[in-house]
Structures are given as C-alpha cells and as structure tokens.
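These notes open a run of structures that come right after.
One chain, subunit A, links the two complexes that follow: it is found with subunit B in the first and with subunit C in the second.
After this line comes the complex of A and B, so read on.
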C-alpha cells in the first residue's frame, strides 16, 4: 500500500501541496481536480521528482531518501514524452535495460508490449515519425512494460482528440484490468473519474478534499468546494433562507416550503446540478450563452442576477438573450450549512 | 409554485455575421495590388524563360565567389607548377618539380604530423573541458550567469595578445609560472627552450584560448535540449551518470560533431600562437604546417614551392576532415542512437 503522510510543498509562497495524507490500494484511483489543484505535483512527489515535506512510504518502506531512479514507479505525463534519439523498440527497452535486464531479453519484452498496444509495425521508427496518439501509446507502453507496482498517469489523454481519447481509455482499462498495480490517474474530467476509477480523490488548491468510491463521492460531496470539483458543467449554488413559513432563494424569490424538509430554520446554500434545472415552469431566465457538446446542450442563464447553468440531453437552439421558462428541481438539491459542509441530500436531512 | 417571476428586458439578439475581405482573385484589374501595370509585363526581363531568371539573380554572388575564392585557388595551382622565387620572380613552367621537392621535404611532413597530434589532442581536450563546463552551468547553480560570462573571457581576447601574455607567463626567468612551481616544490621548467615543454606550452595556450568556444556551442546545445526525456530517464531508473551516457550525450551527438569539426578546421590552421609563443622553436619542434608554409613563402620568398605546399596541405585537410566528419557522425550520432 502506498501511504502519503502530511505532504506539503510551497514554491514562492504558493502552496502546491498542503498537508495531504492519503492511502492508495492496488487498483485505479483517480485524482480529480481543476488545473492547479496539485494533482501533477502530487504525482511528481510520489515519483520523487519533487521533494515535499512529509513522508511517503510503500509497503512500509520509507521513500524519503530514495531517489526517483530507484523507486518502483512508472509515469506517463500529458506531454508525449519519449526518447527522441531512440527508436520505438529501444524506447520501450530502456527502463528494462536500466533495471539490469539483458538487452536481448529487454527487447523481446518490449516487442511483446508493442504488439499489445498495436504498434508492432512501428518498432524501428523514431518517435518523431509517429502521430501524437501513437507517441502517447509508446509512452504508455514504456510505462507498462516496466511492470512497476505503482503507475502514475498524469492526464495522459488530454492532448488527444475525442475519439482517440475514448479508444485509448478503453485500451488502458483493459491492459490494467488483470494487474495488481496501484494506478493513480490524474484528471480534470469528472465523468472520466466516475467511469474509470475504483476510488476517487477530490483535490483543490493542494488539498485532498474528499476520497472514496466514485459513486459515493459524486452523489454526496461533503463540502461546497467538493461539490464544485465533481460537477461538470458547474454546479448551481443558490443562497437560501429557510423559515417556518417558507423558503426564500436569493434573486429567485420564494420557493415551495416543502422543497426542503427536516431542517431547522436558517441560512443554507443549495447545490443544484445542471441537469436538475429543466425547461418549462414559471421562472423566467435570460440565455447568456449556449454550448452544444456532442449530444448535449449546456445553457448559461441569468435569472434576475442569479447565474444558472442548465444541462439538456438534446441539441437545443436557444438564442442569446432569449427568455426561457425554467424549473429548478430543489427536491434534488444538496444542502450545505453556513460552514460549507453537507447537511442534507436531495432535500432530505443527511 | 414560484411566487414571482423575473423577465429580463432584452431584445432577442444574435451575433452579427463576420465579414472577411474578398480574395485577391476577386480584386478588379484597376486595384493597386491586383495587377502589374501592362508596361512592365512587356519588359525584356519577362521574356526570359522563368527557369533562366534565377541565374540573373545568382550572378552577383557568383562573381564575388569567383573573385575571392576561385581565382586565388586557380592562380595558386598555376603558381605551384612554377619555380617562382626571389631569384626567378614570375610564372615559368617547372612542371611537378615543386611537388617532387615537397615529397622529399621531411620538415614539411614532420610539421604535418605535429599539427595532427596538436589538433587532435587539443580539440579533444577542449571538447571534454567545454562539455564539463557547459554541464556545470547548464543546471541551476549559484552565480550561473557570472560563470557563463567568466568562461568566455579567454575567447574574447585577441589571440596574438593572449599568446604574448602566455609567453610572459612561461618566461623561464621573468614569468610568474616558474616561481609558483618552485614554491609548491615542482621546480622551474624550461617551458620555451625544450621541445617537449614548448609543445606542451602551445597546447596549453590553444586549449585555454579555444575551450570557451567549445563551451559556448555545447552550452547552446544543452539549453536547446527538451527537458522531458531527462524526466522520463529519472522515472525509468537512470541515475545521473547513466542519464548522461544514455540521454544527454546521444542527444548532443549532432551538435558535438559540429563543434568538433569547427574547432578541428580552426586548429588545422594554427599559426599565430606558434608565431608569437615559440616562433616554431626550439629548432623546428613546434613548427606547424601553416607556420612552415609562411616561412617558405613569406620569409624565404619561395612562392612556387609554398604554393605546392599549400595546395597539398589543402587537399590533405579536406580529405582528412571529411573522413573525420564521417567517423564522428557514425560514432556520435548514429552509433549513439543504435
């Protein structure tokens, strides 16, 4: 088991890691966070490429004084990193030869791995003669052929086009399925984290906000910050005053009192997913921006000064400035208290 | 039910259509950028076939090239077949007499052998030292910029001036080097009066003078290397020495060959250091080919003979440097990548 204890790292007064303590079991764990959340720094710390304060240990062995080249780690970054002066076969054989394997055996293993990633025909080519997707495949194959017990993947598919990304994600999942490797996969895409990981760690500003099985984390983000990280499109945050007589939503006005039950009167923040705002109803909102993404439409709305985001599972043609009638389904809202912690889920007291 | 509704007071708006300028083909003939005036199209120049027009543009450069390179070369070839000297000034026809004389001139071949040793050894030492210094200031170290400039100082000084300074340093009774060697127990050495020491002195000055040039080229090469393969090498299990041997050195192959060849070409012409420091002595023990040709041509005024020496030297150097370039490419670029 990989154990991180109180890892901290600052550069120029900017904290990149702020007291991160985590345990990683064999399987695929996704680090989910926006750009600058500290995912890459955490992976680099595990690989030994940066030296944070705190302790990293693997199966009880302290890694504090183990240099990167002695750690049993393989890593793939978002850039297509290969050795430009070596051909594809020698690129793959490189980590095996460094580990002390015979050149012939290393090349044989490399050739086998090239076949598994569908690049057997490219063995004698230089990385610069390959397409971006093929270059990244070489980098992934080089990481896999090493057979390290820890595999670090830093947004490996982010620079690939959609179709290639989907295909390579499937391939990687299949390749990793049979192994007992501890895979840590950094991503900015919540859907990717939900689909791929056995576990997910939410990160923001160098901190680990929450960790657990993806479905549990996604359905009940413990803090407002976590709710922002797990939602794409962005979650709608509505300030609300609950009293004995009714529920008053900032900018939107009074909402049905029975939308939230079982909570004492007070000030709350409601987090409402974009898919929980639907077209139809009697709340008017003006269209500020419409984005069509494949088979979905994300519409940014202005409801009397309250920005809202609505997700529709269809291609919609909303004109800029057009007024739409919408309904926020408050019964599905996550309710957060004044301290930003989750106190009720789906309108029910949590 | 929501108790009140808000309706934004905005008219329905769509983004205005973007307008792009019309393509050039759509411009009218009268457009200032659209057509060349008719008078010009009928010029003589336009009547020359396009594939021949390029020669007109190449002509000035070709004429300069002929004037400064081809003519002196052809003239030297002609002179080398004459016995032009201080007694018979002028172009006569001596056949291959000068070349026959050269064949038996042991001093010339000895100068060539000495030059080969001097060039190869100094350039290799310059490469090793230059690479080491470049590696030293490549990564983040304290006062990196200061050291980068400091290492270039010898190259910024005029070679003749530098040689005069070194001649003073090596001076056996007045120079500061021998008292220092005395003080540390090594004892004074005959730097400029014994053949072996004089040859070493020439080597020291050459290395001192031109290591910065090698440093500059190699540092530029190192700075242009992508950082990602080094990161990958660390993760792939390569320590600093293995990273240098398996990543840095092979990736520097092409620039290393370039730097070594440039220095080898320069070193093969070594003249001013020998002239100022030892004048080829003691005896002829530090005489190089350039210096020997200078003596025969400019001091003894044996123009025909020195032309034959020069041409032979030119051919030998061209062949040798081509072979060296091929060997280095195979060894440092293709060999390192295999």
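After this line comes the complex of A and C, so read on.
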C-alpha cells in the first residue's frame, strides 16, 4: 500500500500541496481536479521528482530519501516523452536494460509489450516517425513493460483526439486489469474518473477534498467545493432561505416548502446538476450560450440574474437571447449548509 | 515554369559554388607556379599557360627558401586536438550544469555565469596575453606544448559552453526526469540520454573549437619562442622580402585541408541530427 502522510509543498508562497494524507491500494484511483489542483505535483512527489514536506511510504518502506531512479514507479505524462535517439523497440527495452536485464531478454519483453499495444510493426521506427497517438502508446508501453508496482498516469490521453482517447482508455483498462498494480490516474474529466477508477480522490488547491468509490463520491460530494469538482458541466449553485412558511430561492423566487424536507429553517445552498434543470415549466430564462457536444447540448441561461446551466441529452437549437421555460428539479438538489458541508441529498438529510 | 525555376535554382547554386571554390582553385594553381609564373599575369592551366613547379611544395619540407612544416604541423595537431577535446569535455559538463541547475551567488545567476564564459571571447586576446605569459612562465610552461594546450583550453572552452548551453536548453527537462524514472542516475542520464541527443551540438562545438584552435596565431606567436612552433606561425615564417606566393599557397592548402575534410564529413552527420520525437 502506498501511504502519503501530510504532504505539503509551496513555491513562492503558493501552496501546491497542502497537507495531503491518502492511502492507495492496488487498483485504479483517479485524482480528479481542475487544472492547478495539485494532481501533477502529487504524482511528481510520489515519483520523487519534487520533495514535499511529509512522508511517503510504500509497503512500510519510507521513501523520504529514496531518489526517483530507485523508486519502483512508472509514469506517463500528458506530453509524449520518448527517447528520440532510440527506436521504438529500444525505447521500451531501455528501462529494463537500466534495471540490469540482459539486452536480448529486455528486447524480447519489449517486443511482447509492443504487440500488446498494437505497435509491433513500428519496432524499428524512431518516435518522431510515429503519429501522436502512437507516440503516446509507446510512452504508455514503456511504463507498462517495467512492471512497476506503482503506475502514475498524468492525464495521459489529454492530447489525443476523442476516438483515440476512448480506444486507449479501453486498451489501458484491459492491460491493467490482470495486474495488481497501484495505478494513480490524474484527470480533469469527471466522466473519465467515474468510468475508469476503482476509487476517486477529489482535489482542489493542493488539498484532497474527498475520496472513496466513484459512485458514492459523485452522488454525495461532501462539500460545495467537491460538488464543483465532480460536475461537468458545472453544477448550479442556488442560495436559498428556508422558513416555516416556504422556500425562497435567490433570483428565482418562491418554491414549494416540501422541495426540501426535514431541515430546520435557515440559509442553505442548493447544488443542482445541469441535467436536473429541464425544459418546460413556468420559470423564464434567457439563453446566454449554447454548446453542442456530440449528442448533448449544454445551455447557459440567465434566470433573472441567476446563472444556470442546463444539460439536454439531444441536439437542441436554442438561439442566443431566446427565452426558455425551465423547471429546476429541486427534489434532486444537494443541500449544503452555511459551512459548505452537505447536509441533505435529493431532499433528504445527508 | 517549374523547369525554369529549377534551372534558376541550379544556376544560383553553381554560381555560389564557383564563388566559393574559386579562391581554392587559384590557391592550388598558384602553389604549382614558379616565381616567374606568379608575376607573369593571371594564368590558370598548367602546361598550357605555365610550366608547373614543385618549388612551393618543396619549400614546406625544408627546400630552398623554406622551412620544414612537419613538426609545426604535428604540434598544431597535438595542441588543437588535445585542447579541443578537453575544452569540449569541460565545456559540455559546464553547459549541462548551467542548463539544468540554478546557481546563485549574491547577484550572480546562471545567465551571468554563461556571459562570463562568453566574455572571455569578447575580450581582445592582447588583454589576456600578458597574464597568460606570466602564468606560463611561473609554471615553467612557456614555449611548450602543455603550456599552449592549457591556454587553448581556456580560449576554446567558452565556445564549447556557449554552443552547448543552447543545445542542452532545447532538451526538455522532462526527458531527464523520465530517464530517472527509468532507472538512470543523473550521471547515466547525462551519458545515456542527454549526450546522444546533443550529438549534433557536440559536433558543432567540436568544429568551432578545432577551427578557432587551428587558426589561432596570436597565442601561438606570443607564448612560444623557438622550441614549440605551431603551423600558423611557421607559415608566416615562410615570408621574406619577396613574398613567396607559391610557398604560401601550398602552405595554405596544407593548413586548410584538414578542416575542409572534417567539415565535409561532419556536415552529413549534422544534417541527420535533431530532437524530434522527444516530447510532443
């Protein structure tokens, strides 16, 4: 087990890691966070490329004084890093040879891995002679061929086009399925985290906000910040005052008191996912922006000064400035208290 | 139209080649002339326009009115070769350090250190002549090959540092880090990953060192007396009251030949170099 204890790292007064304590078991854990959340720094700390305060240990062994070249770690970054002076086969054999394996055996293992990632025909080519996707596959294959017990993947598919990304995700999942590797996968895409990981860690501003099984984390983000991280398109945050007589939502007006049940009167924040705002109803909102993403439409709305985001599972043609009638499904809202912590989920106490 | 442009391109290349090769052909032709043929006007074709003579070439090997350039030639090869190799090794190590690590000493930063190296070449050599002279005298190395090698290392190292820093800067640090994660120590990273990728830079820096070292006259002249003579000084020694153009031309050919051959060999190698595919 990989154990991180109170990792902190600042540069020029800017905290990159702020007291992170986590445990990683074999399996795939996704680090989910926006750009600048500290995911890459955390992976680099595990690899030994930066030296944070705190303690990193693996299976009980303290890694504080172990340099990167002695850590049993493989890493793939979002840049396609390969050795330009070596052909593809030798790129893969390189780490094995450095580890002391015979050249012939290393090349045999490299050839076998190349076959598994579908690059057997490219063995004698230089990385510069490959396409972007192939280059990244070489980088991934080089990380995998080492058989390191810890595999760090820093947004490895971010520079690839959609089809290639999907294909490589499946390939990687299949390749990792049979191993007992601890895989830590950094991503900015919540859907990727939900689909790929056995566990997810939400990160923001160098802190680990929440961790656990992806479905549990996604359905009940413990804080408002966590709710922002796990939602793409962005979650709608609505300020609301609950009284004995009713529920008053900022900018949107009165809502039925029974939208939120079992909570005392007070000030709350309702987090409503974009798919929980639907077309139809009596609330008017003006279209500010429409984004069509493949088979979905994300519409940014202005409802009397309250920005809202609506997700429709269809290609919709909303004109800019057009008025739409919408209904926020408050029964599905996550309710957060004044301290930003989740207190009720889907209208029930959290 | 395409053919016209192609013809124009070939014409331009031919004219440029003629422009470059012309002085060499003139030099070669002059080296086989006698005094009368040189002063008798512009002639080109041996036997037809002038009677070829080996007087110029013989004078390089102790013939009439000449000196034996074999020893100075060997001295030049030893001094330039040794100094270039040492300067390249030290310069490459210094450049890698300057490219990869951050040095701070008071207000001094990496860029200042790099400039310090380059400033050694900006200064006129005469500024360094007296300090070098005094140092070599104190070391008992005046008029000796080791003394000249030391001075040439100091003179050539800035070139190596200057060229190599730029080459190292083009290699992303991510490549160093990936090599570490693949089991390389910093030393093996440098030797197995970084150096192979700056091979074109090493060739360029090496060429510059050899050219500047081989052609240097000033230090070869001011720091030697009679025991240790280098080629440029011995060529100048060929001169007399009547300029022996035939001998000087032969000497110039002998002097420029190794560099020309070297440039021709490494040019092909340089054309193949490149860092494509390191990081995308």
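Assume the second predicted complex is superposed on the first by the 350 of 350 C-alpha atoms of A that agree within 3 Å, B and C clash if a C-alpha of one lies under 4 Å from a C-alpha of the other, contacts with A are read in each partner's own complex, and residues count from 1 in each chain.
Please note the rule applied: a residue touches a chain if its C-beta (ideal position, glycine included) is under 8 Å from a C-beta of that chain, and two chains touch if they have at least 3 such contacts.
Given the structure is predicted, the values throughout are model-derived calculations rather than measurements.
Visitor: Assess the superposed three-chain arrangement around subunit A: do subunit B and subunit C clash, or do they fit?
Guide: Once subunit A is superposed (C-alpha atoms), there is a clash between subunit B and subunit C.
Visitor: By residue count, is subunit A touched more by subunit B or by subunit C?
Guide: Here the partner covering more residues of subunit A is B.
Visitor: Of the partners subunit B and subunit C, which touch A:302 in the superposed model: first, second, both, neither?
Guide: A:302 contacts subunit B only, not subunit C.
Visitor: Of the two partner chains, subunit B (first) and subunit C (second), which one does A:81 touch, if any: first, second, both, or neither?
Guide: Both partners, subunit B and subunit C.
Visitor: Check the residue A:256 against both partner chains and state whether it touches subunit B (first), subunit C (second), both, or neither.
Guide: first
Visitor: Output check: A:319 vs subunit B and subunit C. Expected answer is one of first, second, both, neither. What do you get?
Guide: Touch partner of A:319: subunit B, not subunit C.
Visitor: Quick one: is A:132 in contact with subunit B, with subunit C, with both, or with neither? Answer first, second, both or neither.
Guide: A:132: touches subunit C, not subunit B.
Visitor: When the two structures are overlaid on chain A, which partner does A:104 contact: first (subunit B), second (subunit C), both, or neither?
Guide: neither
Visitor: On the A-aligned overlay, A:159 touches which partner chain: subunit B = first, subunit C = second, or both, or neither?
Guide: After superposing on A, A:159 lies in contact with subunit C but is clear of subunit B.
Visitor: Both subunit B and subunit C contact which residues of subunit A?
Guide: 47-49, 67-69, 73-75, 77, 79, 81-85, 94-95, 98-99, 142, 146
Visitor: Quick check on the complex: what are the subunit A residues that touch subunit B?
Guide: Within the complex, subunit A contacts subunit B at residues 47-49, 67-70, 73-75, 77, 79, 81-87, 94-95, 98-99, 139, 142, 146, 251-256, 281-286, 302-304, 319-323.
Visitor: Under the stated contact criterion, what part of subunit B meets subunit A in this complex?
Guide: 1-8, 10-15, 226, 228-229, 231-239, 242, 246-247, 250-251, 253, 336-337
Visitor: Taking the complex as given, what residues does subunit C use to touch subunit A?
Guide: 172, 174-175, 177-185, 188, 192-193, 196-197, 199, 274-280
Visitor: Considering only the defined contacts, which subunit A positions touch subunit C in the complex?
Guide: For this pair, the touching residues of subunit A are 47-49, 67-69, 71, 73-75, 77, 79-85, 94-95, 98-99, 126-130, 132, 135, 142, 146, 159.
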